[in-house]
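Common to both upcoming complexes is subunit A, partnered first by subunit B, then by subunit C.
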Partner chain A sequence: MRFKYVGQSIPRVDAFEKVTGTAKYVTDMFFPGMLYAAVLRSPYPHAKIKKLDVSKAKELKGVRAVVTAKECPYKQGIYLVDRPIFATDRVRYVGEPVAAVAADSLDIAMKALDLIEVEYEPLPAVFDPLESMKGEILIHPDLASYDRLPIYNIEPEKNVFHHHKTRKGDVDKVFEEAKERDDVVIVEGEYTLPQIYHAPLEPHGAIAFYDFEGKLTVWSSAQSPHTLRHLISYAFKIPHHKVRVIAPYVGGGFGGKAGINMEGIVIALAMQVPGKHIKLIYSREEDIMATVVRQGMYAKVRAAVTKDGKFLAWEQMMAFDGGAYAEYGTNVVRAAGYTTPGPYYVPNIKVDSYGVYTNHLVGGAFRGFGHGELHWAVERHIDKIAQELGMDPLELRMKNLLKPGLTNAMGQKMHDHSGNVEACLKKAAELIEYEKPSEQPKDPKKKRGKGIAALVKAPAMPTNAASSVIIKFHEDATVTLQVSIQEIGQGFNTAIAQMAADALHIPVEKIKVVTPIDTDTNPYEWQTVASRALWTVGNALYRAAEDALNQIKNIASQVLGVAPYNLEVEDDRVYIKYDPETYIPLKDIVMGYTYPDGHAIGGPVIGRGSFVPERLTNLDPETGQGNAAAEWTFGAEAAEVEVDTETGEIKVLKLVGVFDAGRVVNPMLARGQIIGGMVQGMGPAVFEQITYDKDGRPLTISFTDYKIPTIADIPEEMEADFVETHEATSAFGVRGIAEHPMISVPPAIAAAIYNAIGVNINDLPITPDKILKALKEKGE
Partner chain B sequence: MVIKFTINGDEMEVDVKPNETLLDVLRNKLFVTGPKEGCGNGECGACTVIYNGKPMNSCLILAPEADGAEIFTVEGLTKDGKLHPIQEAFIEENAFQCGFCTPGFLMSAKALLERNPNPSKEEIVEALSGNLCRCTGYDTIIKAVKKAAEKMGARS
Partner chain C sequence: MERGEYMIPHDFSYFRPATLDEALDMLSEDGMIPIMGSTDVVVKLRARRLKPKGIVDLKAIEELHNFSFSKENGMVIGAAVTMNELIEDHPEVKENYPVFYQAIKKVGAYQTRNRATVAGNIGNSSPAADSVPPLLTYNAKLKLVSKEGEREVELKDFFTGPGKNILKQGEIIHSIIVPYEGPSIGMYYKLSRIKAVDLSTIGVALTVIDPDGKRDIRIALASVAPTPLRVFEAEDFIRGKELTPEVVEEFAKIVQRNTSPITDSRGTKEYRYEMAYVLPKKILRELGLYKEVS
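== the complex of A and B ==
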């Protein structure tokens, strides 16, 4: 393939719309006669519903529909169907929907909520995953009877919705033998992180319309229109062709808008009042409490390492605080389980990764999908090992990298094209000037230091996560591209247009990516998640372009009397390779060719391509061996910080991220992903966390209480760079990088803090009080 | 009550309730949807409009107070199909991703550049510190505002 547009920093194709205010999000859509919805939510983290009476609400003037579990007894769940759309006999978290109202105005809907009578009987609740695993309080007593994908391994008596096991080599034997060996040390550690919130600037929203013949249309701020359609179809028992999902631009997703979320509430209302549009836009408070958050995690690690720094065995237990429902958590826990210990080669690995129900907010998919969590434990632990060995932490990492020829935790062998973590680490070290100690400020209370961490992540997806592409040529040889990856800010529409231009050999200006995504017309796509879009859709696109080019060449071959393989398409024409002067304008071919006497051949050119990952398998349930990962993106991140030893305050001075992206499609947009992702990683490193009062009520339910980085918080310096080892499983040589920049920022910052003041903080976020406490313990 | 104001130079008359916010009126009654609601509480800046010359969170202004006001929104930036230099700079510097925060940032930036045509980095940070963005990491937004200042300086 020639690469003319791929590799160029062209401006975003959605730029004009987005700077003029014409880009439409769900919240910007209005329909005549539209009704507004409001939701009544549980004030308790765990309680029985003794009584629920909506009769007074129904009587309020202007109320058009009220629904509860009685009218809508359906449950949803992507891999494990455990989440009722409305609480049935009990509530399991503060914020769980109990009833919803649709009314002529939002004011009336809110007033109606006050008229709903609910009596609760509070139940004992559990908020800590380790506590929950004791099984003294069962959050889902009927877990065993829930529908689920068989690859998920439930342990109902322990509140566990998935237990992932990796067993590679023989960890127990190594630890046993290590006792006798004086050249081996065993290092143990514990690491935790709290739940955090995605905080997309656009809160979740949806509009539903149900017609009198049972057809449903849903407009949603959805990352995954087709999967949303599938899950709606499953939950509400409506055939797929009668469910239409339209997804306009999404104002930030970060995983929180994947799958099905709050759409069921408006759908249930719409089914009560056919012919009416029902709109529900979450308030910020609802968005925090009642969508999904990132799971909290407790991890315990034990490693056996030779004194010269070779990892022999790695044992890691992770207990994820999954909240009240499993959501994507099932697969988060699995992905974290099979990726541990990250970008390092260890011959003996034992991992137990548990997804545990608690009465916290519901955990779900979040940029990084378990990898921010597992790497927090792995990278911190490597620093601890380095400290015990008296070895430089970068040198220790370099000695144990997962290089070509070596196998990961699942037993998959790395190839030369699989990515180069060593080059990433080297570049990151250069950019942070790792060899040069931080210059110390004049103020002796302030200390500076540098730290570095690595990472790896593959798309976490089902073995058959498919993509498809339709290329339609128009009369003037311009093209529309129908794909169903959602433009959530990541720049997909721009990058795929560049790739299509190169695959079709036509100028990028002649291509339009169709928006919004409409499942009635756009071809199937699994989901906009997992940093897989350019890779998977790129492969489908390549086939669609081949298909279209073949059609063009076949028609031209009849007209010009030469074999199709002697023809080439370029720009606005199809020409004979050995006689480029002889050509037909593309516009005379793409609707079929019409001879001067009027008879026509061929027909409109429509290219079609699909892709499904090759050679993936389920994992052995007992050992976790198999092929769950199709390709990997490796990376390294580094930080320089300044710690005020008097106040404990941390200033992040510099962040650096280097990723092996394969071929970079649009450097400007790729850099944007890295910088944005690193800042999103900095938040949870130093201040972001969801906190609760002692009764399990979330406290951080506004932007004042749940602080995200502002423009005043960003580091003075941020740098992004790439290594480009072309990916052999991609027709374009590309790999994803969207999630990765967030992953190893926290451990890089923690390492920099250790370098600055000699204390290890192993519990996120690294707040001033933790710094001061650690300094005190250290005796300073 | 009926209030009158101008939006991007156009005079409007609209019937409002005492407890309605200017943002609600703009979005839900006049369908001026450029200003976005990210929190409804003065915490995110997505709803920023230029109100009598000052950048303000329109979610904190009660509609009746806006009687007689001059309001400017993102919709008014483009003149005769031509982008404003601030818009150009935001595109060239890749200063947005999902775009949901962008109308608010553009308004805060415009108000800043009108009162201070050549702001320092600190002044830019100060002026935009009430606008949240979860996508970009902000560095390109700072660059875009600087670039816009240069463009506007060169053109005046």
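== the complex of A and C ==
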């Protein structure tokens, strides 16, 4: 393929719509006679519902429907069906929906909530995953009876919703032998991080409409319109063709709007009042409390390393704080499990990754999907090993990289086209001037330092996660592209138009990506997740373009009397390769060709292409060996920080991110994605966290208390760069970089802090009080 | 916003009287609350933590917009004067009350300060109020008015607990009176999780009145006690003393001893306690008033 548009920084195709405010989001949509929903939520982290009486609420003037688990006894979940739409006999987290009201106004709906009588009997609750694994308090006593995909391994008596195992080589033997060897050290460490919130600009919202023939339409701020349709169909037992999901623009998702979320609440209400639209837009408080958050994690690592820095064995146990329901989070635990220990080659690996129920907020998909968590442990631990060996941490990393010819934790062999982590690390080191120690400020209380970390992530998806594309030519030879990846701010609609322009050999201005996504008319797409969109849709697009071009050439071949392979499409025409001056305008072909005497041949050109990942397999449940990853994106990130040793304040001076993108489709957008991701990684590194009071009530449920970086907090200097190792599994040579920039910012910052003041903080976020405590322990 | 969707899910009446007398009449009724910029009130209304019968918006009352400064009478800030007006329109603030100026610049975001008033910040009575510690160091007073009449109180006597104060039903803050006691230098050191749009984890206002003459050091803190806290004991200790490392050390320890911080989502009790000791020293050092021996 020749690349004319791919590789160019063309402006976003949705820029005008968005800056002028004409882009429509769910909250902008209004329908005549629309009703408004409000939700009654649990004030307890764990309690029995002893009594639930909605009769008074139903009597309030203006109330049109009240639903509870009685009317809507359904559960939902993409991988593990464990999350009830409304709590049934018990509540498992603060914020869990107990009842919902639809009324003529939001005001009336909220007044009705006050009239619902609920009696709770508080139950003992558990908030720590390790504590929970003791199984003294069972959060889901019936877990074994829940529907789930068979690849998930539950341990109901330990509150474990998935236990991933990696067993590569023989870790135990290496540790045993290491005792006798004086050239090997064993290094152990513990690493933790708390739950964090996605904080999309647009909170979750949905509108549902159920007609009198039993067809359901849902407008949702969804990352995954088709999977949402599938999960609605499953939960509410409505056939797919009678469920229509329309997904207008989404104002940021970061994983939180993947799968199914709060849609069930409005659907349940809509089914009570057919013919009425029901709207529910979450408040920020509800968005934090009652959608999903990133899971917390405790990790314990043990590594055997030769004194000259070769990793021999890596053992890592992770216990994820999955919150009250697992649902999507099961696969976070699995992906973190099979990717450990990241971009490094270790011959002997043992990983146990546990997803554990607690009575915290519900954990789920979040940009990075377990990789921010596993890399926090791995990268911090490598720094610890380097400190014990007295070796430079970058040098230690360089000695153990996962290079072509070597196998990862799943036993998959790396190829030359699999990406180049070494080049990423080198470039990141250059950009941060790693070899040059930080210039120290005049104020002796302030210290500066630099740190570096690497990463790898493959799309975490089912083996058959499919994509499809429809290309429709119009009378004037312009094109609409139907594809069901959601534009969530990442710039997909721009990038895919560039790729389509190159695949079809027509100008990018002639291509329009259809919005909003409508499952009744758009072709199937699994989900807008996993940093896979350009890769997977690119492959489907390639086939669709080929299909369309073949149709054009076949018609032109009849008209011009030459073989189709002697024809070429370019811009506005199809011409004969060996006689370019002989051509037919595309517009005379794409609706079929009409001869001067009026008779016509061919017909409208519609290109169709679909794709499923090739050669993926499930993993062996006992060893974790198999082909779960289709392609890998490697990267490296570096940070420079300044620490005030009196107050513990941390100022991030500079962040650098370098990723092997295969081929960069739009450098400007890719750079934006990297900078945005690094900022999103910086928040949880130094201040972001969901905190709870001692009774398990979340404290940080508004932006007053849950803080994300503002322009005043981000580093003055941020650099994004790329390595481009052609990806052989992609028709365009591309691979994803969407989630990756967030992943290794925390360990890079932690390493920079160590470089500045010589203390290791292994528990995120690295707050000023932790810095001071560590300095005190160190005796400063 | 369309029919049926309200930001505040609660019925209440809204009044915007043009005169103070009218306003005080309305406020004398039970369930009525006054608002200015409503940057705190609307948050509470949305969260249903406040369900007033009615709201009396005082912004239309001309006399509450007054601002004046003279060395004789000090600075008088009408209750409706916004923080950005103080920062941008009245250079006297920066010139004569630099610590107060620094503190109000750290309240919320620019947009917040377009609406937020100092009277509102005081009336909200949060222990974290940024404008209060510097005003305490400048010996600010409040003029309170109600239908029954008016009274003047010391700002230090105004607060009674988190969110609590001595205002009676129907009584409002009319203006803030800040005496001018001479030139001053100082610093408002605010620690917060993020650098803007955040409440203080701890705020320390250290003001030096007449730095080249009598050098009167005053200190007040936010977010370390149930109310904003001025530490007279530390001021008494340091008054007239040479700022040796030992004196500064003891000064900082007295400040710390007077605090009683708690742990919340913004910081731990231990960290706040530690900072109540660290920051007074740090400010004195950064002001160049003493050097640490290393």
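Following the convention adopted for this analysis, the second predicted complex is superposed on the first by the 780 of 780 C-alpha atoms of A that agree within 3 Å, B and C clash if a C-alpha of one lies under 4 Å from a C-alpha of the other, contacts with A are read in each partner's own complex, and residues count from 1 in each chain.
Everything below uses one rule, namely that a residue touches a chain if its C-beta (ideal position, glycine included) is under 8 Å from a C-beta of that chain, and two chains touch if they have at least 3 such contacts.
Because the structure is predicted, anything quoted here is derived from the model rather than measured.
By the touch criterion defined above, A:647 reaches subunit C but does not reach subunit B. Look at A:30: by the touch rule set out above, it reaches both subunit B and subunit C.
Between subunit B and subunit C, the partner in contact with more residues of subunit A is B. In the superposition on chain A, A:710 makes contact with both subunit B and subunit C. Once the two complexes are laid over each other on the shared chain, residue contacts for A:488 go to subunit B alone; subunit C is not touched.
Using the contact criterion defined above for the overlaid structures, shared-chain residue A:687 touches subunit C, although it does not reach subunit B. By the touch criterion stated above, A:602 is placed in contact with neither subunit B nor subunit C. Subunit A uses residues 30, 281, 283, 702, 704, 708-712 to touch subunit B in one structure and subunit C in the other.
The touching residues of subunit B, counted against subunit A in their complex, run 27-28, 31, 33-34, 36-41, 43-44, 46, 73-75, 77-78, 83, 87, 90-92, 94, 96-103, 106, 125-126, 128-129, 131-142.
Chain contact summary for the complex, subunit A toward subunit C: residues 30, 34-36, 38, 104-107, 110-111, 281, 283, 285, 444-445, 646-649, 687, 691, 699-700, 702, 704-705, 707-713, 767-769, 772.
Every residue of subunit A that touches subunit B in the complex is listed here, in rising order: 11-12, 14-21, 23-25, 27-28, 30, 198-203, 249-254, 281, 283-284, 488-491, 668-669, 671-672, 675-680, 702-704, 708-712, 714, 718.
The touching residues of subunit C, counted against subunit A in their complex, run 2-6, 9-11, 43, 46-48, 191, 193-199, 264-268, 270-271, 274-275, 278-279, 282, 294.
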